[in-house]
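Next, two complexes with chain A in common: one pairs it with chain B, the other with chain C.
Our next item is the complex of A and B:
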């Protein structure tokens, strides 16, 4: 009971609302992050309303229309059609949802695994810290994507497995970020105070450590959502992700490869969709990083 | 310095040891029937029994791990299911092609990335800075496989300037074959004075190398910009300017020299990224390197090959980071004394 009271007094302030205002203003002041916000909005709208805004929702979902195969962009099919006569624009719009969902799932899982481990490592210090950090070293010793590929080889291909493999190779980044925050907070008076009056460790980590790690985690997650879209697209391109007839961007680029010299739009537009989505998150992430930590440039 | 070296080398070996534990786990512990994976699809029961015996899969895991380590260290990385040849020689045969591509891309990236970063810092907040930032961020956002396809359409189909794919035109083999020295076609052709082959090899190298360089250019430009901004704000730069030293000397001689060590750090990361990035570029350009082999191995569940590549990639990564750390300690005494 006493613990709970002191906690309320000693707990660090969450990001005050005027700081949130500052972040929003800084994002709107930078032309690049405004472009990024627009791109992200487009992606979210396409993901949310895809079946309603796509001109040919059935074709987007996979229905074929062989009579109109490989039509160039223009006319009824603004971005042309694929080898099975499906409207490219509809396919791309319907591809937004799986792309965004997979990415959110991967980053979410990575945060859920990484943040608590990092918080405990940083807060406890000592042997446990050493053990957890060496574990992250191991995972980070593999070039990006290579570990995910090896895991997919062990699990078998498929979209869900690809997502799981990506999350397993992504969590160490979040463990490291959270650990840094936790280690810097460990000796601060409000944490000391909480500890000395007997607040259980789990509560300290949950109430005092993790909330302070939210900003750096959010910045990293923003960039990572884009990076994971790129990674999942790459895996799909080589056949380790989604399976046909799913409207998957990476898969569409891969299907169009055989036609690239004469029907450039087949690979061109889905690739553009990947590029613009990733670009959106990176543009916003870049500005966010400048706001929170002008010196930190990573990956 | 030697103490630093010893400590750093020790960590690298420990990490490599750990990496082998991870590949061992993926190869032997996670799959429910590793023997079947090693034979490939359509394994017969007696074959599985034979391989189980051969690989010692019925022995306790710690003993299996010791065997596995012994095999890796003596160069026995298993036999590829796809090609029926030893995995290690398959990998070593293809390594020069990948390295040639990788190194060329790195050189392009370091030159252009640094240049763009310096430019951006000099023009901070003004239009050129904005353009460079956009290029840098676009570079790290672009799917390499897509960029490669676009460049093929532009430079092969539209402009007819550069070859579509491959490492060499097929007729070069008959007109003016390359003598094998290093396995790098451009270097081999150059040192043997084989200009026809050199031109052809270089032309084939341009598009894939530029494609692969896009991501590192972005990373290096961002890092250089940040560290240049910091360096340009230092007192010694202000003093130099106050003494009337030319702007070019201030920027390129004084500030850039101090801005380089952080760039070196990203170089390690970048190389590692590009190793897997090269896989996708190789696929698009039919480049006969490790990437093709790796992707075929992944798709055909060629288990020994996949694990071999993972191990090699991780080992390469660890060694690159080791080299970067040593270079950094050599450049900056604060690092080795810390």
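Our next item is the complex of A and C:
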């Protein structure tokens, strides 16, 4: 019967998102995403408990100890010390919180700006869609870091401003993702049904389009949290992000670059922290993508 | 069945309705006429069925009436008021008076919403009901369609097809509409469930005094529910008739062919100048000249291809087979009258 066909077609469309148990199981079944989860957990623990688990919390926060400057890894200072004698391990642990907060802030802002705009564009279509999408094209025409640098040049440096600048250069991605999903959701019968009930457009976008677009947004956001840690680090490296004496990974890499040949740990360990954070979010993001969109094959 | 025609204005009036879709690319942006000039009326309290193959324009006509698709030309009126071009708040007020139940019950329910939210949605939207009042109304509606409290927290994928369709019906009834469009309401359901839903629809109709516009290609469903039937072919109404005489004695060769193919020709086997349509339905992009049905018409074959079929488009005119029957065929009177061999069942 026709009925059987219709249901067979409709079934795989059903979003698995409600099925949290299934998502968790799939994440734990893949060794790569388990590695990712472990890395993210380490980062979150460091961010949450930094001042309590760092061996030298005061030094981590910035207190200098010139007498012990540039000690190699080992002994009391597991990862060595920097040029002002501060314990690298403590600095790195305390650096986790600002890194994660900035990243969440940037991605959160980008989603908050991008997702509603994309949903409206995709749902309404026509001229408004064209206008919003050309605007995103305008933003996407610049490399994100370059755009962020230009914005900081206008606003002046600082961690909060760097976050704002990054969010401004990041939202178009979310607008595009959401637009695509919204445009396909618009054709689904349940959106039609809401229209025929007389649900106002605003409510349709808020209650029907956005909640059903959440999975691809979540996947992208996971990957982006890592990417933004890197981007914020890059801005700090060139002096446009966090300012000393804040324990910022990008800043530490930057400070250590004059010592890179003799004191490799100075730049090396903060760089490793950035690398592992990005890696963690990427691994988990990849697996999430496989779960939500099985058509994309992992390379 | 309330087949009495009151002298009052019909609930729905459709006049010379034309609906065109613009296509892109391949066809060079030529418009497709999904509905090509249809005039019909639906009286309050009746069940009007539109039948026809897919591509005949029946769903487009209903969606246009619901103002989900824009009118190209012609007029629509609901309860005596012009609704062809209303918009905004006026259109939203109209929406609560006409509701729709879709073919694919699971697809017409938001997969992320629980049944309670789904049924509450129309009430929140139009009646601003909140809290306990909303809850009790939702429960009342669910009871009306044969569901119970334990279904409140289910999500669409946790419901069977029949249950999902009951939820969709509860949503449609929530605002106490006057007209309900039933777009293939049972064709996505298991056969065993179809009858239950049809009975439910019949019960609700008499309980709430509803008017139905039923769209279906399933003639069994139409026979079960309809008072009057309009047969559509390639965007035109080719026959319109009260249901009983139409099934007993079709007034258009296409209707005859539809009935034959539905019954499957199994019964008598007798007259095998097979009254089935020849070949597939032509593309509405390029409808045949004259009578749209002529390239597939078995009656034209029997009459040895009269020229008028391919040159002049027949109008929907009264035929002399009883009251209120109209057909668009040049040779409607040559369709053999009902013989004893047909449709004994």
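A few points about this structure:
Note that in this section the second predicted complex is superposed on the first by the 275 of 299 C-alpha atoms of A that agree within 3 Å, B and C clash if a C-alpha of one lies under 4 Å from a C-alpha of the other, contacts with A are read in each partner's own complex, and residues count from 1 in each chain.
As a working rule, a residue touches a chain if its C-beta (ideal position, glycine included) is under 8 Å from a C-beta of that chain, and two chains touch if they have at least 3 such contacts.
Just so you know, these numbers come straight off a predicted model, no measurement behind them.
Looking at the shared chain after the overlay, A:175 reaches neither chain B nor chain C. In the superposition on chain A, contact of A:167 is made with neither chain B nor chain C. Contact with neither chain B nor chain C is seen for A:43 once the two complexes are overlaid on the shared chain. In the superposed pair of complexes, A:145 makes contact with chain B only, with no contact to chain C. In the overlay built on the shared chain, the residue A:88 is in contact with neither chain B nor chain C.
In the superposed pair of complexes, A:193 makes contact with chain C only, with no contact to chain B. Within the superposed three-chain arrangement, the count of touched residues of chain A is higher for B, of the candidates chain B and chain C.
Shared-chain residue A:219: touches no atom of chain B or chain C. Overlap of the chain B and chain C interfaces on chain A: none, as no residue is touched by both.
Put simply, chain B touches chain A in their complex at residues 14-16, 18-19, 21-23, 26-27, 30-31, 130, 133-134, 137-138, 140-146, 149-150, 152-153, 156-157, 164, 219, 222-223, 226, 230, 266, 269, 272-273, 275-276, 279-280, 283-284, 294-295, 297-299, 301, 303, 306-307, 309-310, 313-314, 316-318. Interface residues of chain A, counted against chain B in their complex, comprise 31-32, 134, 137-139, 141-147, 149-157, 226, 230, 233-234, 237-240, 250, 253, 257, 260-261, 264, 267-268, 271-272, 274-275, 278-279, 282-283, 286, 294-295, 297, 299. Listed in rising order, the residues of chain C touching chain A in the complex are 66, 68, 91-93, 95-96, 99-100, 102-104, 106-112, 121-122, 125-126, 155, 157, 161, 168, 171, 175, 187-191.
Interface residues of chain A, counted against chain C in their complex, comprise 1-3, 6-7, 10, 13-15, 17-18, 188-190, 192-200, 203, 207-208, 211-212.
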